[in-house]
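Please find the structures below.
One chain, subunit A, links the two complexes that follow: it is found with subunit B in the first and with subunit C in the second.
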Partner chain A sequence: MGELIFYMEPLMYLVIGTLLSAILGCLPALHIYNIAGILIILWAKISWMGGENFIALCAGLVVGYSIVSTVPAIFLGAPDEAAMFMVMPGQKYLMQGRGYEASIITGIGGLGAAFAMLLLTPFLPIIVRTVRTVFSPHMGWILTTILFYIIMSEFPKGGDRGKPLQKFLDGWGSIFAGLFTLFISGFLGMILIYKPFVNTEFAFQNIMPAFVGLYAVPWVVLNLMSRGNIPKQHIAKSTNLNWELVTRGTGAGMLGGMFAAIFPVVTGGIGGLFAGHATAQRDERLFVMSQGVSKFAYYVGAFLLFFIPGAALTRGGMAWMISSIYMPYGNEPYYRLLGFIAISAAISFFMLILFSKLMIKFIHSYNYRVVNWITLIFILTVVMSITGYWGLIVMIVCTGIGLIPVMYSSRRMNCMGVLLIPITFNMLGIGPKIAAIMGLV
Partner chain B sequence: MKGISHFISGVAAATFVSKAVNMAMYDSSIIIALGGLFGILPDTLDFKFAKFMQKFDFEVDPHPDDMNPQIMADIVAQAINTAFKEKKEISLMLHSVKISADLFRQYSVYFDNEQSQVVVEIGPIVNMSKIPYPGTEYQGNNIGKAKLDAKVLHSYDDKTYIDIFSGSDFSFRKSGDKVEALFIPWHRRWSHSLTLGIFFGIAGWLLLKLFGVMNAHVYGFVFSLGFCTHVLEDQLGYMGSNLFWPFTKERMNGLHWMRSGDALPNFTTVWISCLIILFNLNRFAPEANKAFHMSWVEFAGYTFFIPLVLLLIVGKIFDTISMYKKMKDDKYREMLISEMNKESRMESEESIS
Partner chain C sequence: MENNKNLETHCPSCGKFTGTYERCPYCGAEVGKRMSIKVFRYGSVLLAIFGVLFLWLAAQNKEIEELDFAAITPTMNFAFVKVSGTVIGDPRVYFNENGNVNSMNFTIANGKNEVRVMAYSAVAQSIIEERKLPAKGENVEIKGSLRVRDEGDTLALYIQTSEHIMIEGSGPVKTKDFWEITKEEEGKHIDIKAYIVDIKKNDNKAPGSIVISSESGKTTSLTVWNTVIDGLRMMHKDKLVRGAEFEARVTVNVYKDRMQLMLRNSTDLTLTGKFGKDIGLSTKVKGEITKDDLGKDVVISGVVSEIFNINTKNGKVMKKLLFNYGFGEIDIMLYQEVHENFKSEIVEGNKLEINGAVKEYNGKLQIIPAKTENVKFLGVTDIPVKEKYNNIQIKDQEITEEFLNKYIDVTGKVYSRENLKGNMKYKFIYGSNKQIILFIKKGAVNYMQELENLADGTKIKITGKVTVFKNELEIILEHSKNIQILGE
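For the complex of A and B:
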């Protein structure tokens, strides 16, 4: 009986973590890292459960969130930084009455990623150790390369009619807006990193209001400003995916997601962009699915890297937070975590189905504008309660920046300058010098 | 090829330069990233600058609510006939038909040389993935035909689809008793030249030397390498490039090995480039920091050929699955039986002989 409890206890915490994150994942702008941060502080202070149980709880939180947070991203249009590239096709599906389908396709992507991770189990330690050894001394220029690609790969939109100068200015409007967004976000990122405004205890929440302002609030504001209501949502019986699409989507998403998980600062959105371009995706179903894969691989993959024997790569918020209180040894935690991921992914997928249906009922019962007002008030409350007035001010400033790409049809990914620019400067060893020029140190 | 393929190829090419890898590792230089920047530069010059300088003699710019295929075909034919009669280069812009932020009405232009005519066909509404929405076919007459005075020579697709983004443009000019059609004529002309790549290298070297940058010649070499890699990769496609501008004026035909937007060549290029980067960075790392000790043949075997074989097997499994699904279709079964008969006949002939 004691042995049974020994094995059942972590599973119980895994299920609790999964269910908790599934519920919290449906709330826009509430990132699971915020909740995990609070739980870790509590755990460190009162040690209310065993270490292994706590890891199971955290695994449930990460896996559940990476699958179920699709629901607000699609139905309420409030994305986090990993979902920012998925939002556009997801919104298109929503406006065609196919939000449920988009949600399920993304969930299938999550399951595909979990399956791919299990398949890669024997190879991951070798791959990660090799990649880490080879690339570690080169991180500065690798991040510069990513920055260059984001800048260079945005091509003009429009500029078809009129005289050459007129066409040039019209076409370059979105590029100028994109560059401005990237650099102003980077400028703000330097301030946030060199002059943190939250207590050291909540240091990991420093960047949260910036992300909420850059990604979540502009979308809600846009929804409030738009006149149309969302059409009646259809609960489809099939997603029209075939095995070939699932395999291709999983392959592309895993590439992007694992790239994001392994390299610092690269988010699931950037990884998804790279993978999408590299595999020349055209099919929208493939695009939506691979974004689901990429998101799962980014959040869960980054967490898994911490447990890889002999590599112990600390990537992603959850691994960073846990690394201060827990260090895995040997093969057992790695294989146990893979088991947790498989179980939690399966539960999360069913939760996704349930919550997607509930969300459809919710948005049909209430006026979509009212739903967006509730979302906005909820976001403000979360930011205010975690980061206080300073956080709220940062969020408002970032909302202004986040609205630029929405208004000028440039890429929202440019907002990633908030992390990408300061971290790249730091990796190249010029961050402190630039901060000194800016008067921050 | 896609931007990312050129970009990552430029990065991969830069990693062949051991000095550049050492500069990146020990001096925090961004030289390898600059290889990527110059790798994507030719397309940047075209799509961000040259495109806007183009002036058009004729434009097809239909209104979404009132598309007349006959008028559209007439304009295209007029452009071609004018080029033939007046013996001068005539440019034509085929604008896309935007319905909403992400929906477009598709139409196609086909040069029918057998009938000496141009055919314009209005198609369905498509999304940004170029996937048509069922039930959005154009109501009313959707085909327009106009007579041509000469046959049209073209090295690109037979049918040009105009759907998403900005549409397409051509230039036409007389070539013997025919008219040559050049697809997006401003693309891959002066910007896709090996000469220009060498010029950028020399200019970069001199400029950086002027500013007192150490190893300016290595930077210059990497700039040229990234740029020329792009030009040579594009030569694998259909359109080709003007390889030695300003000494040559025309685009040379490509090798026709692939199409620039195809998924497989793009993905293969990205994959191979990533492997090259990994191999070269490891090769030039100090002995104590090397992650693996393999020859390039061994490395390529493990990281490229084995995954390739596995992918081919997975692909064949999918083909088999789809074959069983198609078995219900009579035509497919007929074809299958005929193939089976052919195979058994061949086998029996071989046994007898």
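For the complex of A and C:
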């Protein structure tokens, strides 16, 4: 009983974190790491709560975000009709009036990942230690193959109208745009890694303006430009899933998500792409669900790795951010976090149902553009206040890069070159030489 | 969403449908159109290119901030900063199983603040290759990515490139022949090139040594800590052999008024891959041969005191020489192939130089020359062999000049110890309060360290040679086996 009382306060913060991320997660383009960054600055300045409580709050934020952020991704990322055949299956569901179902399927994926993580609990320390021991010396060439896979798996799109040259340019335009995005973001990544612009006081947010520019702002800009109409949404009472799909989706998503969580620089998107290709996913339901699994496994899994006894891998933004203020020791924090993840995942799933319904209810009555403008102003304020003018400049430049895949229909994943390329160079041992050639050392 | 559509396709004045017209065909009012997507298509590419170029130029000209220790907060994690301070403790270098550098670290202190500086894999390797690993006590300026742990109590700095290490006042390092280095160069780093002769670890806290030789036969020792020797063995494995040519950066130290060439880090020595011909492949023995020398090739000179012929199983005759080499006696084993080709028959009293490997047989050390050329005839001793090795037992008689150059067995007590550069000098009282100087050679002291600190009144039994030094008789004790401590 005494132990339970000990956990009551952190539990309260866990619930607060989950609810906070569920609410903020509904805003398009807002990443929970930006919110966590602000909270960490506040914590460092005034130490407004105990370390264990703060970790519980962060756990709630990560778990809540990894499940509820599906809501804006599905409902507020409505594409033009013209892009219908190139959009992700989640948005196809939205255009068919089945956004709610897509949202719930993704949420089920998140729950599946939480269950899988709990099942893996006894084995995770061994798996992680073994994987680390085996792969650490080979990380350089593994990342190189990932980079090549991303490049080689781009394929020509369109190219079926006009004269041969027009067809060629149309078909290969997106590939060139993808490669250009990858290399220019990699070039920028070298600059940001070797000569960061953010003030030393808030250096833990060095890369934040770049990510905001590469991903968040282009999303908002795209939303502001979009004139897509969201069709009437149907609130289904069942999902078009069966146990086989749930099992397969969880397996594929966990594969991708944990791959992303364990390997440095590899994000959930890259992991999801690999897992999708590796497991030959063709079913859209499977894709939507495995995205939910992958996202949960990536965000929450990376956070969990930090707590694994004897491994303490620092992966993912949240783990890196808290690593300067907290270091877990022993088994207790690991098992406590697993319990927190389970509780928070359950709450988040109900929040997902609630916010999906609310979103459907209000989506036609609220001003979509105003919401996006509010989000944009909020993002700019966060970037400006934490990282100053230089952060804002980096964000604007990155917005230019982040808009290229949006405008030329290539993968936004190519923007990950900002970390993937410099880290791969460093792991291969050629990073310092290239930085020297670039005049950065 | 519906409102937006109406604004763009319907006239804001009369409300009629205008389609793609930019001016209403019914009332003539202007219909607002959205910006062309082409603006964003080309704009994004231009913004990306010019923006990155601008940031690149800015980064090239950006100065790195000096770390303000007083202002450290957890939010400074990953800050790219400059830290200056003094290296405390010896840097550590870790190798993988292939002998490549895995990582390196050292700690620098700036006032009361300490920062652990680290580098991994390729960066660590280049620091080592460029000989930029600082030594303890050196002032350095390091640029790197800061890691803040324990809310700022623990700081680490990750170096991203070897260019980011600046060692203050290190200046250009001279290259010199090691025999030309003098005490006046104390504190300087000097690059030398030589051949490895022998590597000797020290069992106690004192440093070990690497005996080195030039092509012309000049030799000296590098002073080196055991951890550095371990690092060298880890790095170079079986390539670290006698005769291997190396380049090393040594630091000139002066200890007890004697010059030392200190090899500070294992990474300061690199093998060139060449081997010297017949260079110092054997160590000239300058002390007692012990089990530490097992497996080594040694060169000793001394006198044959006894010869035994041994018939081997295959019908050959092997000679066993009881050989006094100045620091004790050892068995020399000569196979028939070795001794039968010797220019004359070896007899007791011959002075020889023996070059061979130290082996152990039935717990006893022996040296086995591999070929006839490894046994050199130096002459014949002028001291009758039998007399030399039939020690005179001293009891009540006084040790006088008649015992000069003779070996005596005597029991007595030591007083007034004096350390003469490693050799020990005692006042020795024997018989009925008679007195003589006892001089114990460094080789014996090194092997039996108690001899350095014998308390006044300690009773000992010794076998030594009577000599004269500055008109005063003394007993020279050369070998630790020739002393028995009987107590106080």
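Criterion: the second predicted complex is superposed on the first by the 377 of 441 C-alpha atoms of A that agree within 3 Å, B and C clash if a C-alpha of one lies under 4 Å from a C-alpha of the other, contacts with A are read in each partner's own complex, and residues count from 1 in each chain.
Just so it is clear, contacts are C-beta pairs under 8 Å (C-beta built on N, C-alpha and C of every residue); 3 or more make two chains touch, one makes a residue touch a chain.
The model shown is predicted, which means the values in this text are computed figures rather than measured ones.
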item: Contacts of A:Met152 with subunit B and subunit C, given as first, second, both or neither; value: first
item: Touched partner set for A:Phe211, first subunit B, second subunit C, both or neither; value: neither
item: Superposition-derived comparison: subunit B or subunit C, residues of subunit A touched; value: C
item: First (subunit B), second (subunit C), both or neither touched by A:Val394; value: second
item: First (subunit B), second (subunit C), both or neither touched by A:Gly429; value: both
item: Contacts of A:Phe340 with subunit B and subunit C, given as first, second, both or neither; value: neither
item: Partner chain(s) touched by A:Tyr33 [first = subunit B, second = subunit C, both, neither]; value: neither
item: Touching partner for A:His138 - first (subunit B), second (subunit C), both, neither; value: first
item: A:Leu403 touches, of subunit B and subunit C: first, second, both or neither?; value: second
item: Which superposed partner A:Thr130 touches (first subunit B, second subunit C, both, neither); value: first
item: Contact residues common to both interfaces of subunit A (with subunit B and with subunit C); value: 137, 428-430
item: Residue ranges of subunit C in contact with subunit A within the complex; value: 1-5, 8, 34, 37, 40-41, 43-49, 51-52, 54-56, 58-60, 62, 65, 67, 71, 73-81, 96, 121-123, 125-126, 146-152, 160-164
item: Complex interface listing, subunit B residues touching subunit A; value: 2-5, 7-8, 11, 24-25, 28-33, 36-37, 40, 44, 47-49, 51-55, 61, 93, 95-96, 102, 127-131, 165-167, 261-263, 266-267, 270-271, 278, 281-282, 285, 289-292, 314, 318, 321-322
item: Subunit B contact footprint on subunit A (complex, rising order); value: 92, 129-131, 133-135, 137-138, 140-142, 144-145, 148-149, 152-153, 155-161, 164, 167-168, 171-172, 175, 243-244, 247, 274, 277-284, 287, 428-430
item: List of subunit A residues in touch with subunit C within their complex; value: 40-41, 44-45, 137, 180, 184, 187-188, 191, 193-197, 200-206, 221, 225, 227-230, 320-321, 323-325, 327, 364, 367-369, 393-394, 396-401, 403-404, 406-408, 426-432, 435-436, 438-441
